[in-house]
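Following are the structures in question.
In the two complexes below, chain A is the common chain; its partner is chain B in one and chain C in the other.
And then the complex of A and B:
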């Protein structure tokens, strides 16, 4: 099939049965010019990862997922087995910087000409010359005991202070280190150091059977369980060319929207809590708790863990449950409307939210801000609305956007998305087709690959899967939108005051686990 | 004189013992207003008991000042609680310090707290100490303005004389005191690290003022500081009552009025605590740099109170 991408004409092969995903092989040397064409066309780089293909009688490979007007373009570039390298893409898409550094830490694939070559995921847990994702990695080698000497960028000048915060925080939140350079309480620079929750998730996938892989994929970042599990299953089903029953597809969308509602309710409460309006916190969390309890009663798990499985879903919804869920959706919509009125009219809260942590649309576009935070900065991308795969192609999703890019805009997008998700849930419940909920996967006889793409509550979630000829997982890469959004937290806080950082950070609410892997 | 001393001891002890109860009451009201089931009113006592039973963890490079500061802070607050007439007026301690010296006692406690916070050299400690100084250097003059308004009415900076003038003479309405009362409320909120200036329940280190200063404390030291915080709230409440709602405080040597005085105190404190938690429940915390505006308003109201005294009451 032919596709036009600005001035370039491309022959793209659509991934069979995999939505608006196009795949082609690209020589590494042509990557920058292709990336530039995507950039000029208004597209973005979503993910960059590597793979060790030497056991398949190739070298290494670097994979890039671009978002463009035709959908998602997945390029694969084969690299030299002895000295794997590809041209730097961070000069075109700054969001590639950390992904490139992580790819080097894990696989030893170098981005030639990259400005920033500091380590990213490696905290001294393994030696600098060992690359854990290579197939010949020797895990029995003793762990490195190097101190983690990470060169932070220093800000010099009269009265400039540095405050190191974390990785251990006072609340029950994930670990991350934040290095503030401040004058008084004003932030001159913030630098993040993440990777503290690196668990070797991608290595763990290797050799797992396909069902166990779904369990692990869902646990990449627990708050986006359904999104990850669905993306993984899409990838596996595409790779094996398996069909999924219609009822299962609709139930998956139901789970994803339920997850979105639960997370948005929690975040709206936390945003109130961070400006000391505990009333809002308690009210939103009461609603979230009602939601989770009903979820647990209907589907056996508060966060719907392991309900999406390769080939379908694990649990059906009875008609009685449908009515109950629809009734709760109605009640939550009414109550959220009342609470929105409280937030909208609370002068103190509006004063804290408005003009705090602004990410302007042009900065968001330059840095590739994605998902919910992107939509609050006028980056109108929502895979459910623009590249809908079943069942969203029949649901006509309304995308919520805002222009200001401050904490208030991110709260407003959440309010709008809760409303839209509740509408979708009612719509799904009304139109849920009858039939089976799970079909067996087609048998695997050769090496096959697939990519799943799902709009999680935080943004685009991608899972790329390669299944070996033995039917077990060979390489899995899970991409979280936090990769491209974390750098925008660094930039969004500039010029704000230190006590506003927790609020700004919470308004993005990014995942540590999802990007540390 | 002996009875005076006994009464003084009784009043100070009462303040020390009742202070955590006031804190428990405020916490309880707050929980109710948020729609939560509340912890028991005695929870602060249990927390103190727990903390006194723990072993203290002290940073290796902490100086003796770090260990000494909690005792100093507690002593300052206990002394302040002894000076302010809570149940009886004109006790032996009262002539020892007038309202200006009282502000000085609060300041002394604060200096020790800030020094101890900076002592361990952690970033949060000095962050909190800096912010505390920002808030307090604005709160202190405003508090003095409030005291001056009251002093102008009674022609004295001695608290017993102020209370005597306001409570036990012919009842007069002083418009100036209305302005002073609002100013005093705002200052109390700031000085006691309450919403909207500070949030006593937050876990976000970067937003803290008071809590950031005591992050390094544990066990008995933390218990003393927490107790001192409760005492400070109690003392400020007593001060507010003495200045603006003094009716019920027993006059000098009037022992028969004591039971009624205690009842009146409890009722007034309960009301004050409920109002405090209500104000907290409906407010969001202001941006840190709005705190000077908040206290600037308090100062302005204090000055207005004085002007109105000269315009209307002389």
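And then the complex of A and C:
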């Protein structure tokens, strides 16, 4: 297919069997002009990662996934094996900044001309001159125990105070450090320091068999298990040119929507809790618990862990289960409607939600805010609606958007998405095709690659996979939407009071594990 | 009016809390001689500090679920607290990452004696099918007991809220295994 992006003419090759995913090789020097063309066209940068390809008789490579009007464009640029570098893209897409820094920490691939060259995922656990994702990384080298000594940006002036928070927080949430600079109760600056849950996940993928890889992919961020497992399986199935039975594809969508409902119910409860409406927490968590228990009864796991597997799904749904699930979906829809009436009417809650933690649409567009937070700031992207892959191409998903970009807007988008997911679930149950639920993967005899793209409950989840000629995983990169959304938490809290931070943070509910890898 | 709607919903919902499960003493990995007096006190109430030492956040989902109305943990005297100085029990999830190791040890040290540690999940316990999925590598120290002393291990990926509650109760139960 010929495509035009700005003044760049391209011949795009669709990823085999990969829907709206296009791939091509691009010289590193042309990356900025290409990125600018995408930007002018209204597109975004979704992910940036690197790979060590020296064992394939190449150098290193930098990969970028762009979102554009034709779908997702995956560019690969080969880099010099001795001095791997590519031109900075953060000056065009600011969301590339942390991804570029992480790519350096893990692979020693440099973004030339980048303004911010501080470390990101590396704290003190490995030395600055060691790069864990290089194939010749010496894992036996003793870990350094340097303290992190991260150079935060200081705000100085009369009456400015610093509040360091974390890595261990007051509540039961994942670890991360937040450095507030405040005057009185107003936030002047917030700087995040993440990476505390860095588990070496990407290194761990190397050499795994394809089934174990699916289990690990699902645990990149546990709350998005089905989204990751599906994206990983799509990547593997594309790479190996394997077909998946229709019933399995529909069941995968069922799992993804069930995951979305569970997470949104939990968040709506916590948003109530964070404005001292314990009633909201208890009611939504009662519904979530009912949902999880039925999920466990039907599929053997409360969060559907390991139910999406390469080639299909691991467990079928009996007809009796369909009726039960549809009945619970009906009840939850009714009850969520009742609770929404309470949230709508509750003056205290509305007062705290409205005009708090605003990310305006133009800022969201400039910074690449994605997923549900993006949609609450008028960034109308939803892969299920715009680039639907099976079975969404037959489901006609209604995208939920809002314009105000405050806590209220993010709650409203969740309410709308719960309703839509429950509709999709009923629709899937009604139209679930008969047949097998798993097919064997086509055998692997050469190095092959694929990319999977799934609209998780938080936003776009991407998994890129390279399988070696031996049929085992050679390189896997998993991308969480939290990468591009975390910087907007820093900006969304500005001018707000410190006590509203937990509420604003919860309204985004971003993953630490997903971006720490 | 919100008040009217709230009251209506509360009465319609009724009480969904379930009876408490029994402590599962088989989850104990360490037996300690403790003063009978102390156990009598802790048998009534326990305050918990959670530390995610590197989990995928799956275990956190179940810790949150434990706070829901089905489990009524505060009715049992189980409470989550913000400061390690205020707690009796440390609940740790995840394979312990090197980036969080120091913070975990400091949290452990900050808890006054006597204290208990519950490791939660296959990664934190280093057991089951998932226990070695992350394993030990340049970034990870593996199971919690490799870093701080552990009294109770609750396996699962993630363990259900009920299993977690049985483990917490086992840690502070005065009964011997």
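Heads up, the rule we're going with is that the second predicted complex is superposed on the first by the 515 of 517 C-alpha atoms of A that agree within 3 Å, B and C clash if a C-alpha of one lies under 4 Å from a C-alpha of the other, contacts with A are read in each partner's own complex, and residues count from 1 in each chain.
The definition used in the following text is that a residue touches a chain if its C-beta (ideal position, glycine included) is under 8 Å from a C-beta of that chain, and two chains touch if they have at least 3 such contacts.
Everything numeric here is computed off the predicted structure, so don't read it as measured data.
Shared-chain residue A:164: touches chain B; no touch with chain C. Of the two partner chains, chain B is the only one touched by A:501; chain C is not.
Contacts of A:346 after superposition: both chain B and chain C are touched. Contacts of A:111 after superposition on the shared chain: neither chain B nor chain C is touched.
Contacts of A:276 after superposition on the shared chain: chain B is touched, whereas chain C is not.
Residue contacts after overlaying the shared chain place A:201 against chain C, while chain B stays out of touching range. Applying the stated contact rule after C-alpha superposition, one finds that A:303 touches chain C and leaves chain B untouched.
By the touch criterion stated above, A:214 is placed in contact with neither chain B nor chain C. In the superposition on chain A, A:467 makes contact with neither chain B nor chain C. Comparing chain B with chain C, more residues of chain A are touched by C. Residues common to the contacts of chain A with chain B and with chain C across the two structures: 170-171, 279, 281-283, 286, 346. Residues of chain A that touch chain B in their complex: 161-165, 169-171, 185, 272, 274-279, 281-283, 286, 346, 348-349, 351-352, 497-502.
For chain C in complex with chain A, the touching residues are 1-2, 5-6, 9-10, 13, 16, 50-65, 67-70, 80, 82-83, 94-95, 97-100, 102-103, 107, 129-130, 133-135, 137-140, 157-158, 160.
Interface of chain A with chain C (complex): residues 123-126, 132, 137, 139, 143, 147-148, 167-168, 170-175, 195-201, 203-204, 212, 215-216, 219-223, 225, 266, 270, 279, 281-283, 285-286, 288-289, 292, 296, 302-303, 305, 338-339, 341-342, 345-347, 511-513, 516. On the side of chain B, the complex with chain A involves touching residues 30, 33-36, 123-124, 127, 131, 195-196, 199, 201-207, 281-290.
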